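Read from first to last, the chains carry the letters A, B, C and D; within each, the first residue is number 1.
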């Protein structure tokens, strides 16, 4: 591991200095008097639970948000930016957590938005395409720069965003959870790139929830909690346990809990499920009380399979049985009525309705039960919401809008609305995506509880291999729309799963 | 109490405006406060009220229906034609409802099932339905209806025309529908985030088609009201009424972006517009000024909240602290429903 | 997973349509295909349709609309609407020619005056939408009334007659160049200029970016307020040019000139494949949309079809156009995502 | 508590008819405000008001919609005018409002465009439909003496006077030897009093019928607009538009020789007559019976015909010789 590097400008002036910055959003104090420094040419990891204020801090540095008080200094001079363009001119670029793409525009234009290469008064489009291609190839990613972004995969889009941020002569590059949508291979490319930039003197702020990559990359680590700066230390001085303790104020361990409850009869049975061009001949069973982890590379088709079972993909071949009864998955409503529920991976776009209160969100799938003749009872609604809220310990009042909650709490609301329907089969798509470790462990406990006590059959799609191994009873690996492996968790390791997912080593008898 | 005041602030504003309009109108014209005249004037707005109420759930869902006046025209000419042919009243009404619901459902299917933009679709069907109305009515229109088909147009319940009473009933029904039923809740959910609502096992397509079908029925009833009030029908009936209908809905506090608004607001805004128009007409204010006043009212009323916000932020800026970025939270794009992330192209 | 990928060149690629660009280009093909179908149908029914004099007449009808649609397209690209186009056209036509009639010596300054008036009206629209954050459909619905109200106020029910128009404006309206009306040439120049500007000027690209994702645009420091106001100013200015040309063409100008143009122009844009949600479409497509509308009107008169059917057919054309458009987009999306699978498989 | 009759208001005011009224209060309601034609008629009404001591008001919406006119009329009634002078935008739809006015003792006189017969007392018709048709064809003959193919542009399929004009013109061409030189296109096109639409139709009609000689329209907006379109298409002097038009809007065409003749009547005098007739009804000087005669002072004497119709019948044909005499 590198030692913290205080390179070139040995004057001792930090590259970036944040002096008691505070920022408030309505009720939420997102940042309170945060002070920290980033040295020239260092990779500085910024960690903290969901809602700790990391992204807000990025916003303040890049001019997306104006701080209520405090100052930001770049190379010892006060930084006054009112937009990301200003920040860019000052030498600061960022890859934001939320995708910020223009879906109707080409890759090249996305990369050069607001700083088009010009030929006199007009945009030099050929040059723009050429330069975009260069930038992407430099990342080891060969995309057609004239392609429309709407047609990209999530990973491809992520690389376009990275290409947009990366530039020669940057003073500071901020990456807010850049690898959450990337495969290990792709992430590795990014690591190489970041190291190269560092060598060239660029400082990097790296935000991530993935411990292993933090240890792999970071020179120093800053931990935040509840909008406050907790501690900055050289990476070597902080081990996982200590870091987690600082983040959550207690120690949490992500570890497998052996299943001591026997599995029941088959709840969900899928046979020969096929959607031409997307996935083929998918067959598996999930028993009462069982948690099946579904692993695979991004884009392998896991989401598509889960959504298809939930009735979101018309024109499906194959058979789905719930408790032995054949169901044609034609609509979510139909599947929900049969006891199948689905937690979408895109929480804010599909999981919750941010502009509505917590209670309305929780009650939405249960409306049918909440009254008669099409009417609904407010009283019953509150009762139901209250019950689920306390069961999952969701913060806030029932009438608060979901938009006022942090990511983790939103995810709990998204889950609560399904638990309220007392489902028999639970399809969870990236249930802990972008969630801090504290909440993550909580969600895992909830899942185990639902399987063991409520006897649900749970299918958990996850890109987080430690999580898959810790929670599942059985692991399915999907590769190119086919089941590449179906093994009990005891027989699975991170390596074997990856091997099956990439198809690199055609070993293990199970591979289809 | 405070939170109730806050959440009903739009309705309160409307009530204040209605009060002001009442005072102004009665100052403009000595005839304004005559109750009979008020009742008569109210009857005039029934047609618009039915269309506005029908439009309301659609707008809450984040969509729009420009074809309602054309559906009204089909309804009025069909009803009048059936009446002249001597089709029994219940059968005629039944046929009208069937036809108009079908037209609404057609809109709904195109919008919800096939995912076409409602503005464009209903712009098209508005023309197509109007063409159908002309074809049914022929050049001269339909007149000479037997009395029993138009009886409701002349009936009074105590001091109110029967249609006004029915409008109030309809408004209450819509308040209940949107406030206390599953359908209403689904409308708000769809308007806020269609994708998430679908994922919550709500039959989104059905709810949307339902809203369009309902709106069709309301426009159909409005057509029957038209015939019973004006005892005739032509292909051009209610041509151009859509602007007034949209004005009423928007002024009622129903966000054109979807997801919010109440029937009470729509009712109040109809009252406000009615009061203003009646007052100005009783005072023989030239038509041009009337148009100007209504147009300006729409723009100003909708601008007021942002304007106040702007002013406070300017003041705060003067004082020193900067909250400017909060102002730009969600920008102005029209008719863009929140959940439809364009990146999810599939 | 391989490091790079090169999908086998399919038909689209071989035609030079790669990736997402294909989506946009295919949408053009949709309008052009529609136009071709219309032309074949009309020609087979009335061979005279395809004659040059008739085609030139169709183009002339489309010319003014094609200019006005450019402005509307810019606004629609930002995800907004401009319903005041017709009123802006009417206002400029009347006011400018009225002033020109009284001050004979103005000469070409007439044009400048018109453009300034249009820009100011656009500025007001843009301010309402971008600064006061009124949903565009509401704001421009209001200014539609206000601007029209202003003209009728100003006009006081009189006409500007042909004799009062500056003779050179009339001369332009009736002149020809290479056998084609000057108006068609002007329209061609305007459409191409604006098309080029949208494609090659930073400002133009910004309009697309903003319309494609306003939130992202804002976070990239694109000034959303400026973009939207700019789009409306452009729309107002272009509409005023169209209004000026319309005034010169109509000759006798009353306060109603240009009434209803906004919906025609919107219909043309929709038929031309400009996405009502913003971010995609082009002025070339929109101008094709105008030609489609003009062709329908012309063909039906040639066929001697009754007016009733025109509305029906035009409405159906709009619905068909958006339906085809949606279908093509779905196909493209499906194709693209399938290619991603192929990539994963490669 | 249900009844089928509206309770009547007993607010104070005029209205109670036949009792000797010394100064009558008359409201004039055009189809909609903003058209020059109605503005000229308004001047006539105001002249009559000055001559006869009438309290005169001009009311109306600027929207060309039946509902807008109905609202105007409905709100006129409580103001207790003694009479309404109305050009009906939709003669059947406004009828109930007018009947209501009559029930309240208000006299109703229509001008320019009639309403249902039982909804008004009298209708002052600018020209009987047949005379209007004849005059338009005469104007067409002046333009194209050798006859030829005629096409019609009407305002809307729902405008009864336009429809009647076209019907009579077709009959006259079919049956009257004088107009035998004409043939006509059967399909009528509608431009809705919109200049742009009229021009588009004119262009398309010329394309549809290469042998077209005359376009006739009884809309004062469409006829001049169509002529303009003809001139711009380079067909001035070969194809002619004619029909109803204000002299001011066609003076240029006639002076430049593009067109020989348009027709109309004097809208001001029409407004004058209608207002005087209303005044006399109010004052009880006439009862509105068939055969009665009406003395409209300097505007002449008229007889009430069947169905309460008064034919003003003073057609004007504007030609190069006389157009300068007319200032409206």
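By definition in this document, contacts are C-beta pairs under 8 Å (C-beta built on N, C-alpha and C of every residue); 3 or more make two chains touch, one makes a residue touch a chain.
All values reported here derive from a predicted model rather than from experimental measurement.
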Selected pair, greater C-beta contact count between B-C and C-D: B-C
Inter-chain centre distance, subunit A versus subunit D - centres from mean C-alpha coordinates, in Å: 72
Whole-Å separation of chain centres (CA-atom averages), subunit C against subunit D: 37
Subunit B and subunit C: spacing of chain centres that average the CA atoms, whole Å: 28
Whole-Å separation of chain centres (CA-atom averages), subunit A against subunit C: 42
Residue numbers of subunit B (touch at least two other chains): 134, 235, 287-288, 291, 342, 345
Subunit C: positions in contact with at least two other chains: 148-149, 152, 212-213, 215, 275, 279, 307-308, 333, 336-337
Shared-contact residues (touching 2 or more other chains) in subunit A: 64, 99, 101, 103-104, 149-151
Each pair of chains that touches, named by its two labels: A-B, A-C, B-C, B-D, C-D
In the complex with subunit A, residue positions of subunit C that touch it: 1, 3-5, 18-21, 23-24, 199-202, 205-206, 208-209, 211-213, 215-217, 219-222, 275, 279-280, 332-333, 336-341, 343-345
Touch list for subunit A against partner subunit B, complex: 25, 64-66, 68, 99, 101, 103-104, 149-151, 157, 312, 331-333, 335-337, 341-342, 344, 346, 349-356, 360, 363-365, 367-368, 370-371, 374-376, 378, 417, 421
Interface residues, subunit B side, partner subunit A - complex: 180-183, 185-186, 188-189, 192-193, 195-203, 259, 321-326, 338-339, 341-345
For the subunit C and subunit D complex, residues of the former touching the latter: 46, 48, 51, 53-54, 57, 60-61, 148-149, 152, 155-159, 161-163, 173-174, 176, 181, 246, 249-261, 294, 297-298, 301-302, 304-308
Contact footprint of subunit B on subunit C as seen in their complex: 78-81, 128-139, 141-146, 148-150, 152-153, 212-215, 218, 224, 228, 263, 266-267, 270, 275-279, 307-319, 322-323, 326, 333-334, 336-337
